[in-house]
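Alright, structures below, take your time with them.
The same chain A turns up in both complexes below, where it pairs with chain B and then with chain C.
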Partner chain A sequence: MRPLTDDETKVFFEKLTKYIGRNIVHLIDRPDEPYCFRLQKDRVYYVSESIMRKTTAIGRQNLISLGVCFGKFTKTGKFRMHITALPSLAQYAKYKVWVKPNGEMPFLYGNHVVKAHIGRVTEDMPEHQGVVIFNMADVPLGFGVSARSTVDMRKVDPTGIAVFHQSDNGEYLREEDALF
Partner chain B sequence: MGGRNNKRRQHMPLPLEIEKITGKATKAVYDKMKHDQVRSLKQKTAALKQNSAAKAASTGTKRAAPAQTQSPAGQKRQKQQPQSSGKDAKKQKPAVVAEADSDEDEDASMVVEDGPDGGWDNAPLESDSEVADSDDSLDEFDSANEEDDEAASEDEGEDDDDVVTQKPLSLLSDESDDEEDSDASEADSNDEGVESYDEFSTDGEDDGEEPITFRNMEKRSRKLDAQREEDEEMADMELKDQDQAADGEREAFELPSSEQVEAEKEAPLDLTQVQMRIQEIVRVLNNFSELRRPQHSRNDYMDQLKRDMCFYYGYNEFLMDKLLQLFTVSEAVEFFEANEVARPVTIRTNTLKTRRRDLAQALINRGVNLDPIGKWTKVGLTIFDSPVPVGATPEYMAGHYMIQAASSFLPVMALGPQENEKVLDMSAAPGGKTTYCAALMKNTGMMVANDANKEREKALVANIHRLGVSNAVVCNYDGREFPKVMGGFDRVLLDAPCSGTGVISKDASVKTNKGPEDFGMLTHLQKELILSAIDSTNADSATGGYIVYSTCSVTVDEDEAVVNYALSKRPNVKLVETGLDFGRPGFTRFRGQTFHNSLSLTRRFYPHAHNMDGFFVAKFKKLSNKIQVGDKQIVPAGSGAKLKQKKKH
Partner chain C sequence: MDVTGILDEHKNRFKSIQVERLVPVEFDLGLMACFDVNMIDEAQLRASQKARDTYLQELSREGAQLMINELFSLPTTVDEDSVYATLPAIRTVLPREKPAPKEKPMTRWEKFAKIKNIQNKKKSRMVYDEEKAEWRPRFGFKGVNNDDQKPWLIEVPGNADPYDDQYKARREEKKERIDKNARRAQRNFEENLAVEKGMKPRDMRKRELQSALVLSKGSTASMGKFDDKLAGEPKVKGLKRKFDPLVKNSDKEKSNNMEILNRVSKGEAKTTSVVNVRKAQRAINNAKRSKKQEK
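Up next is the complex of A and B:
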């Protein structure tokens, strides 16, 4: 377990900014406790500093996870967000898409969000931005990348893709082995 | 029937006898007689009503029918008369019998009612007058009813004839008849109702004493209830009588001879025969002094029982021995039977993300049939059936609940973690208990989840993340290393690896693959783990200093014996109440072993008794970080005291 290097921080924060914009500040400066990001075996964990300090007692080989995993660095040095980051992303998301009940299961099975399934969209959402997807009861389901801006979306036919799928809650079941 | 009633009657002297003895009709006797009369009348009318209703349903014809079919059947009716009256007589018979019976019942029921229901009859004067009045009225409409009855049965007989002789006509008229009939019967019942009501109300006016009040009605319904109870009791008695009679008949049970046993080894009996024999042996063992054969000892019976149960339920002999030692024979059979049935699926609401009411509503909307587990938990739900897989609903994926056995709520409830504490779960995978702890701590403090098996850690991490637990640290150590890795915990939960004799319904392989060497190994590991759990706890913690030891096994070797070992090795801990208000207390002595008296504070749970997996929970409180051995004080590594020294550096 170690803090992120400058390069890693840059890559990671760039990725994170796509979803929550300047709200990254709120992730680190929290009113309750200072939190930090730590790297352990390629994975980035978001954890409170007090827990992080206590965790130093645990050996690197034996430490499996601490706090919340946000994602991992690929071998090529890019950062991939994991579904486990969803609660934090959902809390601070800049752009949100709400899907109708009939679009819930298709998305949770790993499909893109089509226009027909969209119930509500944040205004002024640009193209190719990270969005968090909710169901109509405001339960976060996953996240993805907007295929079109809000304005363009109106012109698309109902079967056209509105949001590209990146990650969804179904991965807890489908990819348990790969995720952790 | 008569015999039993006679027996009962002996408890209470007959009114006439009392009169003979006392020489006068006492007030009490008078009351009783009145009650009896009313009661019997009521029963009579009820029986008659039933009769007539049955008739209406079965024949589907009544008074209205003759009017329509009169002309062709008019003459036949005359011929029919004697036959129908014969039928009448037959029909009346059961009613009369019922009457007589009910009279007898009445006597018996009075005994019951005088006791608990006395309070309701504390106004004997009122009820008496009512009784006296209603007597006549009931008589009246009773006789009227009987007349109806006669008429109805007459019609019936005649109608039967019609059906035979005049098929087309009766077919045509049948439907209308039916309607009219039902109307008629309704009217009948209405009439009765009105009649009786009138009677009572006029009574009230006449006497100015007993109008129909709510209280009155309640009393009446109570009487009816008492009567029903009485009937049920009788049914039970009858069953018992039968059983006893059967016992007498089945007396001749013989153990198979040794040659037979040998022969059975070659060619086993079929399962039903073995089951029969198990039942027989259990019966003999339950009433050993009377039913035994003098040439066979108790051991002979037990040996045969063991052989049969091993064969029937598929356990190995070692495990069968272990389990039979725990229970009486009949309870053991219940236990084995319960192990053949799966426990209900239960889920735990993740209070970090939702509330139980909302979750229940969401699942009900998906067509899931569920109910709260019980009063003892506020987060558990039992799933009866579900059209969708419960482990793959959007709610499950969103982390709103965890599929978790009811029994695994218990150790966490016993541990009772508080906010801002540092808690250790020594063998955490797959994380049901860990996430429950974290939910109780509301994601504050620190939750260390350890498991020795790296493969199972994946499920643990997945569950922790899915349920939104952010205060957890997952590590992969052998639990025995623990005080050295990290110590000074406020609370430690040790759900020790065990033989799994409590969860045979989930994993039947336990039946055959656990032998003495497994038990030796497991108990040794459990003893080591419990010591390291105790040593990892900080006794000086302001809020905690508790250790909970639990297993999903029911054998004493893995439960009481381990706890007793911990108590003897670590005098700085004591057992405390688990805070679970059900379950059976642990054994304080078992087959010659005596354990510490406080072991009665531990709790055992059984599949047949509590409808959850077999489970054992013990809760310790650590009193001091130092162990007094002779004159020396030893401070085990890893407890709070040592940790403080470390912090100074």
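Up next is the complex of A and C:
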């Protein structure tokens, strides 16, 4: 376990700003307790400082996970966000997409979100921006990348892809072994 | 018939070809340029735009007229249908377009020739061949120097094996000479490179060899970790990464993260600043309407 270097933090924040923008401040600067990011075996964990200090007692081989895993760094140094980061992303998301009840299941199986399944979209969403996908009851389902801006979305036919799938709640079942 | 009236009228239609200037204008006819250092009337420049324009046009016309007067006084040559004026040599020194070439360092032979004071004797390209009674180049295609490569007969020298191919031997000797020349040119190049960098050529070669050795040692499947080391080989030091301590001062960590966040957001803002044109237009219209209502 070690803290992230400056370069790693930069790459990590760049990925996060795509989804939550400047709201990362709320992650760094919390009113209740100071939280920090730590790296264990290429995975980034978001953990409160008191718990982190207690974790120093556990050996490297024995430590599996701590706090919330936000994602991991690949061998080439890129950061890949995991579904376990969803609660924090959903809280501070800049752009949201609400999906109709009939569109929930296709998305949870790993397909892209089609325009016909979209209930609501935040306005002024640009193209290729990180979005968090909710169902009509405001339950976060996953996150992805917008295929078109809100304005262009009206011109697309109903079977066109609106949001590219990146991660969904179904991955807890599908990718059980990859999560740890 | 009195044509003077018509001639006068014709002459008055055009402006005078005689131009008066306080300071005589300097000409560089080789560049078709004239340099006029007379003072410009400031009052005219500060006047209305129309007056200023006419004044400047007058100035330019007179300057051009002076130059054309000079051009017409140059000596001329006559071609098929046209008359050309021969411009004199250029007098103004123009600055260099590109930087001056560097001094080339001397090769080994040039240094030796300088010490022994050997002069370079210029040789002609063509040589008269008595046998064929024609002029042939000294070297190159159909050159005199290649005559020994394909003669119809080569005598076997006394000390050679009678079954050796003498033609092949000749070819190989020539190849060796060419390679020797190439090697010497390469050596000159490397020596001059070393001198340029401020090192002795021998030291530079030593350094290159050492770096090549280190690289080749690491080119095995296990990156050279399990290879047997030779006696007396220096240990190669790799980069040691330094990480921050695990439990840092939380304020310092927070401020560090905030700094990085600011840098990242600045970069993001530069690349993705999407303006919603409709919204902006609506805002402008609302502002205008509220201003009108206030009035």
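Here, the second predicted complex is superposed on the first by the 180 of 180 C-alpha atoms of A that agree within 3 Å, B and C clash if a C-alpha of one lies under 4 Å from a C-alpha of the other, contacts with A are read in each partner's own complex, and residues count from 1 in each chain.
As a convention for this text, a residue touches a chain if its C-beta (ideal position, glycine included) is under 8 Å from a C-beta of that chain, and two chains touch if they have at least 3 such contacts.
These figures come from a predicted structure and were not determined experimentally.
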Superpose on chain A as described above, then tell me if chain B and chain C fit or clash. fit
By the touch definition at the top of the document, which applies to A:34: first (chain B), second (chain C), both, or neither? second
Does the superposition put A:109 against chain B (first), chain C (second), both, or neither? neither
After the superposition on A, what does A:170 contact: first (chain B), second (chain C), both or neither? first
Of the two partner chains, chain B (first) and chain C (second), which one does A:53 touch, if any: first, second, both, or neither? second
Quick one: classify A:135 as touching chain B (first), chain C (second), both or neither. first
Quick one: is A:5 in contact with chain B, with chain C, with both, or with neither? Answer first, second, both or neither. second
After superposing the two complexes, the shortest C-alpha distance between chain B and chain C, in Å, is 14
Residue numbers of chain C touching chain A in their complex, please. 243-248, 250, 253-254, 256-258, 260-261, 263-265, 267-268, 272, 274, 276, 279
Residues of chain A defined as touching chain C within the complex: 1-3, 5-6, 9-10, 13-14, 17, 21-22, 24-25, 28-29, 34, 36-38, 49, 52-53, 56, 123-124, 126, 129, 149, 151
Contact residues on chain B for chain A in the complex? 391-392, 394, 397-399, 422, 446, 454, 457-462, 464-466, 468, 470-477, 485-486
Mind listing the chain A positions that touch chain B in their complex? 46-48, 50-51, 54-55, 57-59, 61-69, 84, 87, 104-105, 108, 135, 139-141, 169-170, 172-173, 176-177, 179-180
